[in-house]
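So the structure is just underneath, and the comments pick up after that.
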Amino acid sequence: MTAPSKLPVREGRSALDPRPLSVKRGVNPHAPGSAHLIMGHTEILATVTLEDKPAPHMRGKKEGWLTAEYAMLPRATNDRQARERNLQNGRRHEIQRLLGRALRASVDLKHFRNQTIYVDCDVLVADGGTRVASILAGHAALHDFCDRLIHSGRLSEWPLTHKVGAISVGLVGEEIRVDLDYAEDKVARADLNVVATDTGLIIEVQGGAEEGPIAQEDYVQLLTTGVQAVRGVMAQLGRELAVIQGV
Amino acid sequence: MTAPSKLPVREGRSALDPRPLSVKRGVNPHAPGSAHLIMGHTEILATVTLEDKPAPHMRGKKEGWLTAEYAMLPRATNDRQARERNLQNGRRHEIQRLLGRALRASVDLKHFRNQTIYVDCDVLVADGGTRVASILAGHAALHDFCDRLIHSGRLSEWPLTHKVGAISVGLVGEEIRVDLDYAEDKVARADLNVVATDTGLIIEVQGGAEEGPIAQEDYVQLLTTGVQAVRGVMAQLGRELAVIQGV
Amino acid sequence: MTAPSKLPVREGRSALDPRPLSVKRGVNPHAPGSAHLIMGHTEILATVTLEDKPAPHMRGKKEGWLTAEYAMLPRATNDRQARERNLQNGRRHEIQRLLGRALRASVDLKHFRNQTIYVDCDVLVADGGTRVASILAGHAALHDFCDRLIHSGRLSEWPLTHKVGAISVGLVGEEIRVDLDYAEDKVARADLNVVATDTGLIIEVQGGAEEGPIAQEDYVQLLTTGVQAVRGVMAQLGRELAVIQGV
Amino acid sequence: MTAPSKLPVREGRSALDPRPLSVKRGVNPHAPGSAHLIMGHTEILATVTLEDKPAPHMRGKKEGWLTAEYAMLPRATNDRQARERNLQNGRRHEIQRLLGRALRASVDLKHFRNQTIYVDCDVLVADGGTRVASILAGHAALHDFCDRLIHSGRLSEWPLTHKVGAISVGLVGEEIRVDLDYAEDKVARADLNVVATDTGLIIEVQGGAEEGPIAQEDYVQLLTTGVQAVRGVMAQLGRELAVIQGV
Amino acid sequence: MTAPSKLPVREGRSALDPRPLSVKRGVNPHAPGSAHLIMGHTEILATVTLEDKPAPHMRGKKEGWLTAEYAMLPRATNDRQARERNLQNGRRHEIQRLLGRALRASVDLKHFRNQTIYVDCDVLVADGGTRVASILAGHAALHDFCDRLIHSGRLSEWPLTHKVGAISVGLVGEEIRVDLDYAEDKVARADLNVVATDTGLIIEVQGGAEEGPIAQEDYVQLLTTGVQAVRGVMAQLGRELAVIQGV
Amino acid sequence: MTAPSKLPVREGRSALDPRPLSVKRGVNPHAPGSAHLIMGHTEILATVTLEDKPAPHMRGKKEGWLTAEYAMLPRATNDRQARERNLQNGRRHEIQRLLGRALRASVDLKHFRNQTIYVDCDVLVADGGTRVASILAGHAALHDFCDRLIHSGRLSEWPLTHKVGAISVGLVGEEIRVDLDYAEDKVARADLNVVATDTGLIIEVQGGAEEGPIAQEDYVQLLTTGVQAVRGVMAQLGRELAVIQGV
């Protein structure tokens, strides 16, 4: 945890630029919603499933539920990880709970009474920022899903109440940087995952100091930068999702 | 998730007061550090164990590791929960990862090379705020542990670099309230768990909107209130811990 | 397993005295029955839960069921034990089956048709005799539970048919000793756990020779001593339970 | 649990007779010791394995360890039981711990330093008394194992210090009966499993009242009858084992 | 995987002879069908259970289902294998899926609508060929089961549509051998498990090259030899099963 | 299982044509070998990992080991399957054992002494033939891996001794068809998975009759057709792999 003598240099992007982002909708012919998202080297496959069965704690309620799952393929990372360990590890649980809260915040679940929406985010390749990339991929897959519901006439009202995205923002050396890759993430002194809407409202913030406590002012500045970055990313994602593919 | 017609009324404390807090050190005769902490009805038993074995990912490193575990007794909650489910559930993983990061931030692990510190936080009774109460109990148990290391001469330098505590802060109706109990937590529109030092530096913040996204200004105000509340709680805890019990 | 040169010396009690025993009822605000019992250094938290659901094998029967669970906190013992191992180990299963049979023998389950009573006995600190202390704590929690049922009018007839308690009794060197602590238990040549009523009737006896077979006469003498000791312990417990706390 | 109007009638044997017993040694060509034992309809296959690896808690000790496992084939019982449930259930753990203690009491483990003896008792058919039949089968397999060790010259001293057997004894109506089958076991008011030597010394007694507490005198009479019955069974088993098969 | 200098020599049988085969029906008094089969040293206990509950994927269908389970006792093999590992290992899953398909092919499942037939094949001793011996034992147990259904009048039509058996056939050196034992299996260059009917129709073939790819002609010759061998084995088994035991 | 009135009609390909096949190498920047293969709608991601640790049963041997894993993403299929069930199910074990044998047959493991090669085949989309597509993807990833070993100088000799591929071949109605999709697979009367080399030598054949036993002649004709089809597929795959991507 001692400071590295040299900080990773960004090539082809400034400190406040996210990595190149691309998304493809409708990539899974079985799922009613899906997206394949690439953000730098990080690569996520997200699918939406709608089950006609309420989650146990939502039986008899006026709303449905959305649950998210997050997992890595064994060789998504630099070292191979055994599948069983992948499924059991605590980091995975922490992340998928964040995904669930983030994506639930975007959907009006009254449209899905007695149903459960599953959003599966599988990391094909990991290079930092997999949790924020998963939120973005999950949002894209939900968008794809809702488009199909509307186009097929099964729903008459657009069920997404917010466009929810996320970005990581960190303190690398003395510099605030947006969308850290793995090399940057490892040396960041502080690291926030900011989940927010395209209009700059906050859903959740997770994270903090990595090496030593930080001042409240620094935390607020990271937060402000992150919220702004989410707005930029969501504008780009919105343009790509507007092109309806594979419906 | 619709707003309740009536918000819970606080009795005997103002919106910015935490619940009555008491702590007892040295409660476990086997453990080299332990604490029993009561905060309102929430009740935590924390013990410290020192193993002379490095964590797998710290082999050959110059520092040791601290790992935290969090679990609930089956009847800590209003309904009984099966033990196996308690151990496997994702919420537990999310919380114990937070505890681990919070408590690691307080210890200089260079003093524990090739060793692993376990902090077990077991919830005997839950009434909201169990994760922040666990951080406080864990801190108290670590304090007890370090006192014994110094008193016995096994360590000559005080190994805690920061006094780390935590508090929950939420938006109940239009009011910011500190240290929510279960009834308040259920109706809060936003809810942050602020982990900070007694001097007001931030370690981590977890949480956010519960019902709909919130404005950045509101988030920052919750944060500021939370940091201030941690300072108050740590001052009280410090006075109780200064009285050396059971060493 | 060779005989130690020195046997542990009892301080402040004779060979036939149990350790100091104290019990507190109503310690868990969520549970309809609970008790915190301390016996020497051994410390047990017992809670009662009543579920309106029959046990699978009691569906359609005229009686309910009582099931007991026993577990240790990771640092209840001198060395820390991993939670998963705690839950899976065979010793735990053996003990909780004994608890279940002992406590079921005290309740008239016709009052609980189509219901299941859970008695959770969690060992906070272990210093020998945890299984007998758990039976005593479970009995106290059941007593607390029944008092509340009667006081609240939900039951008009006292449902406990027997006052069931337990004690360990062992052969330490040539001496019969009652209520062994861990140091005594380790060197005992024979060790019985006697489950009996306050009137000296036998529910179950578990245990036997630890080092070499013992004569039938010795076994019967241990048994007789144990039954007598249970009567003494139950007289004391009865006095403490008569004081109604927290109802 | 109410008394049945009619008690099962014994055919072809008196109340104090065990069921017909037969044993065959050396039935498994891979194992260094094995036995197939039939007692009434109950049928057990026991095998002995010797591993050149100490049990974890016996590393560096002057003695080896013996561990026993007990399991049922899925259709050993009247209803089929799933294999996974068979392995996890608490009754199995309780029984195999009893087997382990019983069989360990018969072996001088100083001959097996840094080694572990496994005795696997698998129930092919169950009709009551499987735990006592497993102890008898385990004893026979150990006897077979020791014979081979002596015959092959790998051991010069007979390592069994005691001939350990077991029997069940119960109170059926007002009658004490030995070696209950399943139908008798179900209606017994009390039921002891007595583990003893061929000379009438006691290793362990497990069990007690099934319907209501019993008087101490009744318990002692059951015990005495059981010890006597073990002596009878061991005499018969000894004659069968004296005929060396398959060595 | 290099060729051994010496190939195992067959004693008392030619290359195309299977090992001595014997079968005993009705060996389990609880099961409605059972068989104990010995083939060389390999020994299998098969039981049939009929549950009045459809398999999940057969609910509402016009047919029932047959599921097979295969497991080894811990010491069926030369080295002892832990029970948990036995249950989880992939080889077991592969084999029991083969058994299920083989035995399902022999039964007209329209007679068992809304029911599930379990065939449990437990290996008591393994010396090569356990999967084919299990198919033969399973067939025998099913035959026993059907005999009882017909004799008791619960079924009026014989529900087995085919007599299904199996044999292994391998290339040992340059020689085609039938029914390999473990020593032969280890050195075989190719090894097929042929599942076929007594009239020479094929159900399934599993297996292939063990050391290097083999020519199509060699494969076909192994297959032809195997089919012929199954016919021989089924003729013998048929004669043994014609003698009705224990019904 | 009754014959469907209408058989699926093939569009754009004859009965003996496999589906369109495309493969992309070097798709995972972390893995030393990887391939993304699409065959009709079936889509597989294969990665190769080399661990410098022998498999437990290959310690001290002159060769290394290759182990394959096969898994489906939850929504690879038409209905979503829970991750835990995906990992535990028997079909998965059966398939990954086949993959392992198939891919091991292609590698000279003497080049990987004291090492273990993992080939992970993850099904992104399933539409029939996932096991043969996984063998093809695994072969492509191994080819990619070996190219890099040679190019980087870490190996001087090409370690693949055979080009191993696979295809499914089935009897749909009266017609032999190659490379069945899911709709065809469901109605096939017989179905073989043929694993063979590009030169027409057989590694393994798995499968057989689905509805009723089939004649030996039919089996041999399916086999011959399958072997021929593998040769065709391997010729095409060879052309695609000759173009070195991403090395």
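Here the chain labels run A, B, C, D, E and F in written order, and each chain numbers its own residues starting at 1.
As a convention for this text, a residue touches a chain if its C-beta (ideal position, glycine included) is under 8 Å from a C-beta of that chain, and two chains touch if they have at least 3 such contacts.
The shown structure was predicted, so the numbers you read here are calculated from the model rather than taken from an experiment.
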{"item": "Smallest number of contact steps required from chain D to reach chain F", "value": "2"}
{"item": "Count of contact steps on the shortest path from chain B to chain F", "value": "2"}
{"item": "Distance between the centres, which are taken as Cα means, of chain E and chain D, whole angstrom", "value": "33"}
{"item": "Between chain E and chain B, distance of the C-alpha-averaged centres to the nearest whole Å", "value": "59"}
{"item": "Inter-centroid spacing, chain C versus chain A (mean Cα positions, whole Å)", "value": "51"}
{"item": "Chain C residues counted as touching two or more neighbouring chains", "value": "none"}
{"item": "Residue ranges of chain A in contact with chain F within the complex", "value": "28-31, 34, 41, 45, 47, 49, 51, 69, 71, 73-78, 80, 83-84, 87, 118, 120, 122, 124-125, 127"}
{"item": "For the chain A and chain B complex, residues of the former touching the latter", "value": "1, 63, 90-94, 96-97, 101, 105, 162, 195-197, 200-209, 212-216, 219-220, 223-224, 227"}
